[in-house]
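Labels run A, B, C and D following the written order; every chain starts at residue 1.
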Amino acid sequence: MEIRINSQNYMEYIELVAKKIEASKDYVSELDSITGDGDHWANMNMGFQKLLESKQELVAMRLGQMFQKIGMLIMSTVGGSSGVLYGSAYLKAAKTIGDKTEMDIHLLRDVLEAELNAIMERGNAKPGYKTMIDALYPAVIRLKEAIEKGLDGHEALQELKQGAIDGMNSTKDMEAIRGRACYQANKGVGHIDPGAVTMCYQIETLVEYLCKS
Amino acid sequence: MEIRINSQNYMEYIELVAKKIEASKDYVSELDSITGDGDHWANMNMGFQKLLESKQELVAMRLGQMFQKIGMLIMSTVGGSSGVLYGSAYLKAAKTIGDKTEMDIHLLRDVLEAELNAIMERGNAKPGYKTMIDALYPAVIRLKEAIEKGLDGHEALQELKQGAIDGMNSTKDMEAIRGRACYQANKGVGHIDPGAVTMCYQIETLVEYLCKS
Amino acid sequence: MKKIINNPNNVVTEMLQGIVKANPQLEYFSGVEVIAKRVKEKKVGLVSGGGSGHEPAHAGYVGKGMLDAAVAGNVFASPSPDRVLKGIQEANSGEGVLLIIKNYSGDIMNFDMAKELAEMEDIRVESVVVKDDVAVEDSTHSTGRRGIAGTVFVHKLAGAKATTGASLDEVKRVAEKAITNTRSMGMAMAPCILPGVGKAGFELGENQIEIGMGIHGEPGVQRTTVKTAVELAEILCEKILADYDFTGSEVGLMVNGLGATPLMELYILNNEIEKILMEKNIRVYRTFVGNYMTSLEMAGCSVTLLKLDDELKELLDAPCDTPAMKV
Amino acid sequence: MKKIINNPNNVVTEMLQGIVKANPQLEYFSGVEVIAKRVKEKKVGLVSGGGSGHEPAHAGYVGKGMLDAAVAGNVFASPSPDRVLKGIQEANSGEGVLLIIKNYSGDIMNFDMAKELAEMEDIRVESVVVKDDVAVEDSTHSTGRRGIAGTVFVHKLAGAKATTGASLDEVKRVAEKAITNTRSMGMAMAPCILPGVGKAGFELGENQIEIGMGIHGEPGVQRTTVKTAVELAEILCEKILADYDFTGSEVGLMVNGLGATPLMELYILNNEIEKILMEKNIRVYRTFVGNYMTSLEMAGCSVTLLKLDDELKELLDAPCDTPAMKV
């Protein structure tokens, strides 16, 4: 299986994420209510709805430009922690893409790694802090290992996805060091981090989209 | 049956009223909530509790003095409409009593009539306005008629009581012209006036107390 | 009942103690529950008051340029005549005293009796009665319209006039002009709980609101479903504008919260109200948005319009310095 | 959900429009949701901001003697870097700009990024981070303490300093001194509802309250039963006084309502707080009671103490004229 993602494909993927997030209102809102301020779903949903509204403009762009624009849109629409974190991620990813018009699996890996680094830098955070990083980091690591091991595209993508899922679940027992959950007496232990959930949704959706097409 | 009310007796009566009012919290509060601001029970209860607190002082007084003091205490403790109305009533009744030490049925009639007049004057109100007057007015009228007809004390008191009860009930169908019920679209029609209820309680209690002793 | 209180019977006293602790320029007379300026001025004295539960009314309006004394009754109960008398005595500097009364029979009876008592002490006392609530029909037959948030404008304008050294008659004239020119309309979204009663005085369903509800929870004119800010602004303005012709004039506007409604919502409502007024060729000269005349923890709001002329504009802009209003 | 709003997505924009309509001395920059003074002064610029839903914070503190610009995020969401950048640009008169940030990672990330963008435009920007909430443990390991109502004191003191014409470094020094000297503690009695979510973020039982709840409904340190005002005052003061030694000093005191708590209750609480402070030999120099840093329609309160010295007393007393605070 070979992977090719151009602006058109990426927009299709964005549409699927928007749907997935729209449908997760109660669960994600509740998670952020328990450990944070309850707005994470509203923030993410607003961001992806904005991307849908800008569809015409986005698909007409080169991939790198598109990522840059997505970053700006998310950053300014969403605000909050997730806005600036995803914003920084997409801006850095845009640089990694440069003027390429398509991503193959290697570029995808580099893009995801760039996003990870941008988030860790902006958030002054590491894996284990009970944040969205805990879904992205293991996903990226397992994708890299899979590619190094020479696994085929489909298998490598499954590794990416499973890394995100396992990482998301691992936040349940973590004590929060960043994000609003760290204000809780028990540091949010016992609850999955909402940012890790929506991060995981995005990665899952990407993998499912790529495997279907 | 002959009627003799001195300060001691009047205080015993006040204690019974206090008990009766204390027990009527939910009903009276609700009536004033439906047609007014909901505080009539709290107002009356505060007033009578204050009288209980002042028991020592009150029983030591001559009857007229006692009425004067009750008027001042109710006026300043209760506030609101009922405070100034009962206050005015007791102050005027005190004048009627003068320096007599006991009330017989004729003086009782004059005292109640003085109270009625004081309330109508202060409230700028007449019978039929859906107020406490509508319990007191027919009670006084029927007591007067009974005395004129030469009925005996017990029978005359039953007239007083029945006048108050009928009067109270008659407020149900009246349109309010005074009091907060007049702000309602339907002018409180369909609900008994809370001030008429507590007025009726006082008259009933008086009659029951006098008939028992 | 969740309230930050101690004994429900002491809420008024403890609140007034808390007010003077926060505002040492004010003095508290316990027992009679009067708040007055510590430093007296030689001028017509202004006294207002009423039941408690409407904070910052009335003690919050005592200070330079507004009231000289405020008299507190128990929650939602008019203060008794002896209390009002003390307020009159504290406000009196020999130039006479104006009572600003809201049109409730309880208030009128108690203030009237206090006036009689003060006159027996040779204090000259005049009074005005505020009746701005268009939810209630104006009537000479019954008590007629209630006084609600518009009262704050009367405090402000009469207070500014008194500060100029004007005579009692002049101050009264201004207060009456303010009353004539003021209309209000309110609505409630959630009830309030009297501390001494412990449960809500009325109930509203999940999606119900009540238009024209009084500031003591007295029933309004219409129960309806939740409305948008646009619709609410229309309903409230319509009632007011149908009652008094503000077209072409300049107005003072107050968007008042009843206690539990966040400022965010009041500003959103203000945005809509001002749009409507603009359309109707009514120019807003000055706007007040906030909790000025409340009803314990009731959720809801009221809108007040005050028609201005040159005299009233100057008085509205005159400086005042009180806990709840500073211009 | 009963709120006076139109579309939940537009609450911030419509609210800010409503604010400038009521306060024509302020200017609104739509899209970037910035409120700034219309007439600029040549001085160090002060910018604050954060998620909306804390009204009157932050736009209510823009004006003479306090902020030059306030930047609004969506409800409870930090404003994005482009918005903060606009705030910085509007506040800048060439003397540099101080950002007053509350310690939430969202705010810090967005303001930091904006600072980087402003520096690329050659605007000198410094920032301070308010962390006054003693409900949260102070920590260098994690994000540490939240910034809550004490932020208003930082606006006031730094604002007064900037108005004297002091340099950016001097204004920053005062802001940092204010932060060092400030401690707050809050509690909630009923939750708030995010307009975009439509239901309460947490639930409290009939008789439950939560001590140490954050101003976004972040969980507190202890759930307990309803307390009297005396007990609440003790609990809140104890936490504050255990964290910082105010004994023997003069303090600024703020008794802050979270949105739905009536002024009556705040004054009753103030009465108790001042008694406790008196006992502990802490002298209250100036008190602020009201809704200064809210949390939509949350019911509850917070108490803030600010240790004063001669410099801070003078700055606290300096005149200011903003919609939400006038001294």
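What we mean here is this: a residue touches a chain if its C-beta (ideal position, glycine included) is under 8 Å from a C-beta of that chain, and two chains touch if they have at least 3 such contacts.
Treat the numbers as computed from the prediction; the structure is a model and nothing was measured.
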Q | Computed distance of Cα centres, subunit C from subunit B, in Å | A | 32
Q: Using mean C-alpha positions as chain centres, tell me how far subunit C is from subunit D in Å, no decimals.
A: 29
**Q.** Approximate Å spacing (C-alpha centroids) for the pair subunit A, subunit B
**A.** 75
Q. How many angstrom between the C-alpha centroids of subunit D and subunit B?
A. 54
Q | subunit A residues counted as touching two or more neighbouring chains | A | none
Q. Of all residues in subunit D, which are in touch with two or more distinct other chains?
A. none
Q: Name the graph shape formed by the protein chains and their touching pairs; answer line, ring, star, complete or other.
A: line
Q.
I'd like to see which chains touch which, written out pair by pair.
A. A-D, B-C, C-D
Q. In the complex formed with subunit D, which residues of subunit A make contact?
A. 29, 33-39, 41-43, 46, 72, 75-81, 83-85, 87-88, 122-124, 176-180, 182-185
Q | Interface residues, subunit D side, partner subunit C - complex | A | 1-6, 11, 14-19, 21-23, 52-53, 55-56, 60, 189-190, 207, 209, 226, 228-230, 232, 255, 259-272, 274, 284, 287-289, 291, 294, 296-297, 299, 301, 326
Q: Spell out the part of subunit C that touches subunit B in their complex, as residue ranges.
A: 9, 51, 73-83, 104-106, 109-110, 113, 135-136, 141-143, 146, 194, 196-197, 201-202, 214, 216-219, 221-222
